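Here chain A shows up in two complexes: once beside chain B, once beside chain C.
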Partner chain A sequence: MIRDLKGMASMYKLLIRFSFRSSMQYRFNFWLGSTIAALIAFVEFALLAVILSRFGTIQGWSVQESAYLYSILILSKAIYRTFASDVHHLEKYLLSGDLDGLLLRPLPVLLVLMTQNVSVRFGETLLGLGMLAYSLSSLAADDQIQLWIAIPLSVLICLNGGLLLFGIGLATAATGFWLTRIDMLQNLTEDATHTAIRYPLSIYPGWLKGILTSILPVAFVNYMPALYIVRGEAGPWMLALSAAASLVVLGAGAFLWKWGISRYQSTGS
Partner chain B sequence: MIEASHLSKSFRLRAGKKDSGSAIRNLLRPRSMIKEAVRDVSFTIGQGEFTGFIGPNGAGKSTTIKMLSGILHPTSGEVRLSGINPHRRRREAARSLGVLFGQRTQLWWDLPLKDSFEVLGAMYSMEETRRIRRVQELDDLLRLGEFMDTPVRKLSLGQRMRGDLAAALLHEPSILILDEPTIGLDASAKRDIRSLLRSVNEELGTTILLTTHDMDDIEQLCSRVLVITEGTLHYDGSLDGLRSRIGMPAQIEATFRTLEQANAAWAHLQGAGADSFGGKQLQERTIIVECSLEQRSFMNILRELETFGELEDARMREAAFEEAVHRLYPDARPAKA
Partner chain C sequence: MLFFALARASYSRNLQYRASHLLHNIASALFGFIYLSIWTGIGQGRDLGSYGMAGLISYVALNQCLLWVTAFTNYGLGLPQLVRTGGIAIELARPVHLFYNMMSREWGNIGYQFLYKSVPIYLLYLVVIPLRLPHSISTAFAFLAALVCAAYLSLCVQYLIGAVSLWTTESQWLHWLNHAMLTLFSGFLIPIEWLPGWLGWFSRWSFYPYLQYIPTRIYLGMDGISSLLPSLAWCAGLTLLCLAATALMRTKTEVQGG
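And then the complex of A and B:
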């Protein structure tokens, strides 16, 4: 088991390396893509910052606190999309029949898929880190948090968030084995939920809160952990609960994936 | 060794009939339809055999190939590759299997060929020294040296096919499945690929199953032929056996000098003594008949027609093998793609 995992990890590294080598054939496209992604994320946050500076707080959440939510989201998403790149684009493989080729290899399909067209989200990562630094330092200056606790925990929260978003992405992608076209479903389960958790959950009506904490538990990416780290409204158990949420989502995703792949229908020829 | 026992695969299609109801109704209440792509197909291909797999488009060739290679799960039935079921133990079965899809490359599109070999070698956990030795062997066989450092996207189709073949053979599989390996190649590239495949089969003892629409592939390579139409296996045996079933179908076109002569000959053909002809057609002064050259020779038929007058022109066309296979199994209408 351990040897198997080690083998998979080194295989993963190798595949990533070659995937990189491929995308570096188109350097201009690579860097432009990274820059644009960062720019978009920045503009989105700038918009939020403008709103915040007008109203001061969102439901009692200050600018620094909101920046914390936003930066954790960006970093989690960057982790998810860097390490699992083409899982989000399974539809493309289903429509073209390119999944066939992946199924011929003596490797888990998911592993190969995760290493196709890898892009490192430098821009978003930098932006996220910058925002996190701003948020944590100004919160520490107000004695609201202690850096030596908040920093390592925030790293763990980002990793956990990456896993959770990956789990939701995986479960959504797996439905493609039944539905083939899933871009609209992804709009809902990935894009819309990611947008929703840029803001504190408390601004939403009850039913939406319910969805975002149960069926699509993205609230555990940033809002729930922040209740403990930043707001002190919950105990450390909240972090354990967030980790549990990731595990459940990941388990469901893996289950759907396994089931779906046995139903793969391929294309005409 | 490839064993297929009672393989069936049905797909659920969502397409409603075009003429029944509006597009909106089809969207709201999709009628699903079960299509049986492959029905109860069984065969065993022994180690070292070179087998051809033919049939019209939509007959179930690709579906069968994909079931054999573990890509599609059969609705019922079982596959064994050297004893291993590729649906239960896909990753294990994949190690002894090489697959080439002529229409689609499995190489890393933007990287040079040698990089693809490096990744593939690692995927099949080959030692580096073994991989280098193997690439050398394949280079001798397939002459890859000239384009080893070229990105795959810049290769010609013939080169790419050679590269893909080498990629499929890199991990020394005991079974090789080829889906249209000569598609789109020019005559000389086809010749190349064929002689390569022959030496792979003879020198390495690799079991090969090949699908094709080019009967020359079958004639020059395969000792055994499987014919599939409408999802059912119709023939499994030697090429000669298939040929004798088909006969030697040919179409003869004879043009008379005058309309009267043609009409007289036509009347004769309609009457008795003309059973040996299949399809008959009269187009002005030209009579078109179909027959088997095994039963009557071309000259013999011409002499019979010439009793009605001198012929202005006569020509014969041997029916394409695949077309003949069609006619042999009349329930096999070419399916629409």
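And then the complex of A and C:
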């Protein structure tokens, strides 16, 4: 079992390296894409910053605290999209019939998809790290947090957030084995939820809070852990709860994937 | 007339998927509810200027409805796909100008999206939120004129993005960048007079406000039909750019394998 996992990990590393080398054959395109991705993330944050600069706080959440929420989201998303790459783009493979080719390879389809068209999200990672550094240093200067505790915990919740977003992405992609077209569902489970958790959860009505903490528990990516790390309004159990949420979502995603791929029927196109 | 034939063909093609598209509206309406929740949460007990809470709610809700006409036009009007398949060579060889050809098809798509996406979400918001109605018939007509200009501007921008795909395989990044810029600079979520410093300056001197901000202000009765004049100037300017881009495409065309 351990040997299998080790073999899988080394295969994953090898495939990632090949994919990265293949994208570096088109250096201009690669750097253009990376730069524009960072610019997009910056523009999206500017929207939040404008609201904060005009209104000061969002339901008691300061600029620094809101920047913390945003930076954790952007870093978690960068981890998910870097390491799971084309899982998000499964629809393209289903519609074109290209998944048939991947099924013939002597490797798990999920592993192959995770290593196709890998794009390291340099711009978003740098932007996220910069915002996290600004947020944590400002909060530490106000004695709201202690850096030596907050930094390692923030790293952990970014990794946990990446796993949780991957779990949701995987579950959504897996529905493609039945529905084929999943862009609408991704619009709901990924785009809409990621937009929602840029802002503190407390601004939303009860029904939306319920969805974001249970059916699609993206609140555990940033808001819930931040209640402990930044606001001190919850105990360390909140981190354990966030980790549990990731495991449940990831488990559900893996189950759906396994079930879905056994039911896969090619579109034949 | 060729324009109507191409537009009708595009409209009819979309019609095949109307059930699926009506479902798509649920996602779009939910996005709108998230934005409305954001403003309801932020705006409670705060000064929202000339809009007031009810006005701002209508502003954000209407902007969400307009997206299907002003923002969600086809990526590059389909040109990137034509470059990829090699079909661009045939399109350029047709005895009709490429811009006119692509524009006509896109009007069919815009017309469909207006009827089957914008209008259902608008009706839902009218009942649920409730979204304000225009003050008068003349306001409604001025708003529709602003909407046509906005759709045309959006179409020109997508054509230019599509034209770029002849020189780089990464034009989809420009598409996403345009979308992000639109979110901030068109006044989609936050009225542009609230944008500080250079952000506000950039927005006022760009075409983005004419996609969302101006049509919505006209609808709410906060601006008159005269505010459309710069929009017409932008339409003329972008048309010239599209024609220049087509001339450049005709000098040398490389396809990606066909």
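Operating definition for what follows: the second predicted complex is superposed on the first by the 268 of 269 C-alpha atoms of A that agree within 3 Å, B and C clash if a C-alpha of one lies under 4 Å from a C-alpha of the other, contacts with A are read in each partner's own complex, and residues count from 1 in each chain.
Criterion: a residue touches a chain if its C-beta (ideal position, glycine included) is under 8 Å from a C-beta of that chain, and two chains touch if they have at least 3 such contacts.
In this text, all values refer to a predicted model and were calculated from it rather than measured experimentally.
K.L.:
With both complexes superposed on chain A, which partner does A:I149 reach: first (chain B), second (chain C), both or neither?
P.N.:
neither
K.L.:
Counting only touches as set out at the top, which of chain B and chain C does A:S266 meet: first, second, both, neither?
P.N.:
first
K.L.:
Tell me which partner A:A240 touches in the superposition: chain B (first), chain C (second), both or neither.
P.N.:
Neither partner.
K.L.:
One more residue to check, A:R21. First (chain B), second (chain C), both or neither?
P.N.:
A:R21: touches chain B, not chain C.
K.L.:
Look at the residues of chain A and decide whether chain B or chain C touches more of them.
P.N.:
Here the partner covering more residues of chain A is C.
K.L.:
Which partner does A:R181 contact after superposing on A: first (chain B), second (chain C), both, neither?
P.N.:
In the superposition, A:R181 contacts chain C only.
K.L.:
Which parts of chain A are touched by chain B and by chain C alike?
P.N.:
26
K.L.:
Would you pull the chain B residues touching chain A in the complex into a rising list?
P.N.:
11, 57, 62, 66, 69-73, 87, 90-92, 94-95, 97, 99, 101, 103-104, 106, 108-111, 115, 118-119, 122-125, 151, 337
K.L.:
Which residues, counting only chain C, touch chain A once they are in their complex?
P.N.:
Its residues touching chain A are 20, 23-24, 26-28, 30-31, 33-34, 37-38, 40-42, 46, 168-170, 173-174, 176-177, 180-181, 183-184, 189-190, 194-196, 199.
K.L.:
In their shared complex, at which residues does chain A touch chain B?
P.N.:
Spelled out, the residues of chain A in touch with chain B are 7, 11, 14-15, 18, 21-23, 25-26, 97-98, 100-101, 103-108, 262-266, 268-269.
K.L.:
Can you check the complex and tell me which residues of chain A touch chain C?
P.N.:
Within the complex, chain A touches chain C at residues 26, 28-29, 32-33, 36-37, 39-40, 43-44, 46-47, 50-51, 53-55, 58-59, 181, 184, 187-188, 191-192, 195-196, 199, 202-205, 208.
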